[in-house]
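Please find the structures below.
Both of the next two complexes hold chain A, though its partner changes from chain B to chain C.
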Partner chain A sequence: MSGVRQVGRSLPRLEARAKVTGAAEYVHNLHLPGMLHGRIFRSAVPHAEIRALDVKAARAVAGVHSVVTIDDIRTVIPDPYYGPAFHDQPILAEGKVRHVGEPVAVVLAEEAKTAEEGCRAIAVEYGELPAVYDEVEAARSAVHVHDALKPAGAFPDLQHLAGRRATNVALDFHLRRGDPEGAFAAAERVFEHTFRSQQVMHTPLEPHVSIAEASGSGITIHTSSQSPSFVRSEIARLLGWPENRVRVRTAYLGGGFGAKVYVKLEALAAALALLAGRPVRIALTMDEQFFTISRHATTVHIKSAVDRDGKITGRQCRVYWNGGAYADIGPRVAQKSGFTAAGPYDIANVAIESCEIYTNRPPAGALRGFGVPQLVWAYESHTDLIARALGLDPVEFRRRNLLREGRPQATGTKMRDAALHQVLERLATHIEWERPFDRGTPLRRRGRGVAIGFKASIAPTTSVAIVALAADGSATLYCSTVDMGQGSDTALAQIAGEVLDIPAERIRVAHPDTEATPYDMGTLGSRSTYHMGQAVRRAALEVRDKLAALAGELGLPPGSNLPIPELFRRKYGMAAGNLIGSGSFMPSYAPPDPLTGQSPDATPYWMSAAAGAEVAVDTETGQVTVERLVLVADAGTPINPQIVETQLSGAAIMQFGFTMQEEMVFEDGQLRNPSLADYKIPGLRDLPRRIEVETVDAVERDGPFGAKGVGESGTYAVSPAIANAVEDAVGVRLNELPLKAEAVWQALAADRGGR
Partner chain B sequence: MSFELVEPDSLPAALALLDPEDPGVRAIAGGTALMLMLKSGFFRPRRLVSLRRIGDGMSGIRASAEGGLVLGAMARLRDIERAPAVWQRAPVVVETLRVHSNIRVRNVATIGGNLAHGDPHMDLPPVLIVLGAHLTATGPGGSRTIAAEDLVSGYFETVLGNDELITEIAIPPQGARRAAYQKCTTRAADDWPALGVAVSLGLEGAAIREARVAVGAVTDRPVRLRETEALLRGGAVGESLWREAGEVAAREVEPVGDDRGSALYKRQLLRVAMRRALAQAAGAAG
Partner chain C sequence: MPHIHFTLNGRPVAAEVAPDETLIETLRERFALYGARESCGQGLCGCCTVLADGRAVSSCLYPAAFAADSEIVTIEHLAAGGELDPVQQAFIEAGAFQCGFCTPGFVLMVKQLLNEYPDPSEEEIRHYLSGNLCRCGSYPQIVEAVKRAGDLRRAAPSGS
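On to the complex of A and B.
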């Protein structure tokens, strides 16, 4: 027994040594005997009928095993359409292609290089169709990406969309609270702006990889997935098999960020393995990831009514999410983040319309924040503009309007354990907002800005965990949470260790394998610490109770400190047996009213974070240098403070890239920069010189030991904080991401009367 | 993609494997640029002639007796950056290499390959132009000398024959001339330049006796700005001359927009970078 608290320790990650010594397991390194390599032949056009697909020459390439098209897939998967919200995505293109880079065929070969050569021998004849790329235009366009909507059967709230035709609006979410029209009519001032954000990519350094092998009566899929349980049920559905014939296992992930949730390559790999009768590996290159999944480009129209006292009395938001050609989880982004589009403010009258739109771009899904960063970008830029127009201090204006504990958010759900005010106040203190600020020189003007954002947890979702105690006193935790670099193994081991009074280092966390680890909805949306944390805590409590019962059964007095191995020996006569506890957790939830979006229980918890940025702007070139970036977040009570800090700084750096540099640039549906040479993620020399993070002293009452999720929080407020700082420095407001030097310069030149 | 990869062990053997007529036959040195073109499918070689095995004899970095530098074409950028002789005799080359590309690229890219690529978005060509560098190109008929400013003839085009290789780069003694390079990037710190300005000034007290000015990444090839040079020559060191030079330079070339900036923006960057490069060169220790 350790006698040392496990929760609250800044324990280095359990796998740190294995990772730096190259011993950690990744699916990318897995090679199975007899394994074939598949290479995907992709569409070169954004929208077209496939008139002819000629694979004869590819089949003839020496070393090519076979070439697979959708017709072949149909022999093993009769209805080969998948997707978490809509069954709209074909495993390989069928009759039509809807975006550049869409998988059209697969060449299987003994070697990856041969498969690539085979791909070059494929000839396809396209009949190009008119296409639509912009989300606002697509919402009204006569060009349609799909003939009819195909919502997944599992969700009752999507069924009214089934069969809807002649539309690119995959889903329209509506929220209505109070009397927005009345509020605008009675307003002292009305402000209205439009903000746009660009399509960007997750860029996990380990690209997607899936290896499938037929095994006895079933199939095993080794995959770099964030949601093995979902993959299992979706593959079972596609194959028409019971779930227990599908085994999905993962290892460590070289990053996920939402790119690896739901089905990505798994359905394709499974079908190929069944067709070939051999294991098949599909591994994407970095460049192919651009055509696989991305973050939505978004247009947000936001309008506010403000009264004489600087209180926001009404807000209207219209959000267009550019979902690309396949819905992926986009409809859920539109709903579950859409209801926070009005921001963390106490506004009595709110109208939100949030629409997931199909376009002929590569699909968009969830990327570290589930749509929230795009929304915060809009409402916190807007909030700053209002404060400036009213002549109010931006911190004070926010302070005046921020939601307080117990007050209803736009859904009607009351704020609970949301440390919004604390977060804002700590940020203001940390960056010394009240003190005079160095404004720089005419050629290098300095400015600062703040922003605050919040996010609901996606609900309802379930996690299940098993804790097994061995006769030597060591414990193994079985759960399907995927450690993709966020440190979940360590945090969950700390939670189990805290309950069992065992050092976390001595707890083994088994990696997801659906044949052994129980169900978990997925490692996404900053849900694991809270949901799986509670399941693990419950499982460990059950073991602790069983230990106490065992001690009682052995006639020991309550509170006896007999070592665990001794208990087992006394019970079994030798070192044998197990004590097993299981726990499952699903928070309460009330679905929103379909017409008004109102719900008394929209989320189990709220996450919030504020950012402060200090920038210097070169007034001759428009170049913006972020000198300092400060993040303050409400993570409840951190399980592992060090990991919480690196999650916050990592997320902030990621969003910094999306703010300043990263952009998928399209021209007529063609991606102009599908490589890391031209799609620029931040390097060390790009980062703010100072990045500082802190968490506020807070408790999430329903979280394990007061904790809640934090993986995305660092992203929320970064973009508007920087844009607000730029305006503070040079009086230039940018409404579009990324914040390009040229755009700043153009605005400055326009201010000066042009050059 | 199938192609022939040959690794000759002598320069004559390498030259013999090149083909004056076939653009599908190319030499490969560090490969940092060529590999990107291969991966994107932009270039489909028939034969690649690797210079790997002849690199040792062609990678020397030495100080010439007259006070200049002689760089073997196969010298790696990182080795040039770290060579004391380069530090002493042409510090602007070191400063340029430090912002040229990330260290992994600098560790493998060679100076000869960098120049022969003819990419207009490169940092070294304008710098070598203002330093008055000359290249030695060797072909089946022997060697010839090419001024750095004459090397690139158009967009990804050089005056080199397809069966010629750059073998050596000679930088003349700089004397008391002072040089500077201003690189502007717009998408990330590590990127090809949106614009690069190199200047070299020969000063006599506060007067400019001699000036060389070149820009890269602004048109289809690195160019020397003769009107700007003429303005500077005989002028007095100082902010007002630098500003005027920026204006003249901005008029002297017709920028071409690309993914890193519009033509209009590049003109502004040129104006600013020219002024800053001149101020930096004039302020630099001789």
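On to the complex of A and C.
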């Protein structure tokens, strides 16, 4: 027994040594005997009928095993359409392509290079179709990406969309609270703005990889997935098999950030392995990831009614999410994040319309924040503009309007354990908001800005965990949470260790393997610490109870301190046996009213974070230098403070890239920069000199030991904080991301011209 | 196919390598060394960094044939005796990684950095590591790790 608290310790990750020595296991490293390599032949056009697909020459390339098209896939998967919200995505294109880079065929070969050579020998004749790329235009366009909507069976609230035709609106979510029209009619002032954000990509440094192998009784898929349980059930559905014939294994992921949730390559790899009768590896290049999944480009129209005391009395938001050609989890983004589009403010009258839109771009899904960063970008830019127009201090204006504990958010769900005010106040103190600020020089003007955002958790979702205690007193935790860098293995071991009074370092966390680790909805939405954390806590409690019962059975007095190995020896006569505990967790949830979006229980918990930025703007070039970025977050009570801090600064840095430099650039549906040479993610020299992070003292009463999720929080408020600082510095407002020097320069020039 | 001899992690080795084969392919496919990882495939991210005659190179762009008669060191060699290199130790102490995919590349680059600048300034660190990318954004902790590693090496000058 350790007698040391495990929760709250900043112990290094359990796998730290493996990671610094290069020994850590990733699916990227896996090679199976007899394995074939698959290379995907992709569409070169954004929207077209496939008139002819000629693979004969590719089949003739020496070393090519086979070339697979959708016709072949259909022989093993009769209905080869998949997706978490809509069954709209074909495993390979069927009759049509809907975005540049869509998989059309696969060449299988003994060596990856041969497969690539085979791809070059494929000829395809396209009949190009009119295409639509912009989310606002697509909402009304006569050009349709799909003939009809095909919602998946899993979500009852999407069923009314089934068969809807002649539309690109995959999902329209509506929320209505109070009397928005009345509020605008009675308003002292009305403000209205439009903000846009660009399509960006996760760029996990371990690109997607899936290896499938057929076995006598089923199929095993080794995959860089954030959601092994979902992959299992979706592949079982596609194959028409019971789930127990599909085994899904993951290892550590070289980053995920939402790119690797739901099915990506797994259905294709499974079909190929069954067709070839040999293991098949599909590994994307960095470039191919840009055509696989991304973050939604978004247009947000936001309008607010404000009274004479600076209180926001009404707000109306119309959000268009550019979902690309396949829905992926986009409809859930439109709904689950859509209901927070009005911001963390106490507004009596709210109307939100949030629409997932099909376009002929590569698909968009979840990326660190599930749509929230795009919404915060809009409402916190808007909030700052209102404060300036009213002559109010931006912090004070937010303070006046921020939701307080117990007050209803736009859904009607009451705020609970949401440290919004603490987060804002700590930020203001940290950046010394009340003190005079150095405004720089005419050629290098300085400014500062703040922003605050919040997010609901994902519900209703379930996590299950098993803790097994061996006769030597060591414990193994079995769960399907995937450690992709967020430190879940360590945090969950700390939770189990806290309950069992065992040092976390002595607990082994098994890699997810659906043949051994129980169900988990997915490693996404900052849900693992809270949901899986509770399941693990319960599983460990069951072990602890069984230990106590065993001691009683052996006639030991309560509180006896007999070492665990001795208990086992006395029970089994030797070092043998196991004590096994299981736990599951599903938070309560009430689905939103389909017409008003109202729900008394929309989320199990709220996450929030604020950012402060200090910038210098070169008034001759428009170059923006972020000198200091400060982040304050509500993480509840962190399980591992050092990992939480690293995760927060990491998320802020990622969003900093999305704010300042990253952008998927399209021209006529063609992506012009699908590589790290042209799509620049932040490196050390791009970063602010000072990045500071803190968490507030808070407790999430339903979280394990007071903790809540934190993986996305660092992203929320970064973009508007920087844009607000730019306006503070030079008086120009940018309504589009990224904040390019060119755009700042043009705005400065227009500003000068206008004077 | 060229037949080459080189020193790999302190031991003499030989391999038949294809003319278009890169060093990372050789390391992974012929020597089962997985610490260097191909990510961007363009020599921009640093995940595939190895040391060739003491210099950090991107093994995804480095022709395997160039390894002939040279000394190649991969991350696997650093703690071969069981004891972590001070750079590795510092990365653990500073919590300077999350997913860990880029970490071997950073560790090798930092070794080279500290060989040239035993007590680097923040500017030198930023400049020197600008060719290594960490998508998890562990940069603040990496800078901290470099400083710690410098301290550890200076405290035990033989141990580098």
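By definition in this document, the second predicted complex is superposed on the first by the 753 of 755 C-alpha atoms of A that agree within 3 Å, B and C clash if a C-alpha of one lies under 4 Å from a C-alpha of the other, contacts with A are read in each partner's own complex, and residues count from 1 in each chain.
The definition used in the following text is that a contact is a pair of C-beta atoms (placed from the backbone, for glycine too) under 8 Å apart; a residue touches a chain by one contact, two chains touch by 3 or more.
Bear in mind the structure is a predicted one, so any value in this text is a computation, not a measurement.
By the touch criterion defined above, A:A62 lies against neither chain B nor chain C after alignment on the C-alpha atoms of chain A. Of the two partner chains placed around the shared chain by superposition, chain C is the only one that A:E15 touches, whereas chain B remains out of contact. Contact with both chain B and chain C is seen for A:G683 once the two complexes are overlaid on the shared chain. In the superposition on chain A, contact of A:S675 is made with both chain B and chain C. Within the superposed three-chain arrangement, the count of touched residues of chain A is higher for C, of the candidates chain B and chain C. In the superposition on chain A, A:R120 contacts chain B only, with no contact to chain C. In the superposition on chain A, contact of A:A24 is made with chain C only, not with chain B. Once the two complexes are laid over each other on the shared chain, residue contacts for A:M286 go to chain C alone; chain B is not touched. In the superposed pair of complexes, A:I653 makes contact with chain C only, with no contact to chain B. In the superposition on chain A, the residues of chain A contacting both chain B and chain C are 287, 675, 677, 681-683, 685.
Those residues of chain A that touch chain C in the complex are listed here as 10, 12-13, 15-24, 26, 28-29, 113, 202-207, 252-257, 285-287, 484-487, 642-643, 646-647, 649-654, 675-677, 681-685, 687, 691. Contacts from chain C toward chain A in the complex involve residues 20, 28, 33-37, 39-42, 44-45, 47, 74-76, 78-79, 84, 88, 91-93, 95, 97-104, 107, 125-127, 129-143.
Those residues of chain B lying in contact with chain A across their complex are 1-2, 36, 39-40, 102, 184, 186-191, 259, 261-262, 265, 268-269, 272. Residue ranges of chain A in contact with chain B, taken from their complex: 116-117, 120, 287, 620-621, 623, 661, 665, 672-673, 675, 677-678, 680-683, 685-686, 740-742, 745-746, 749, 755.
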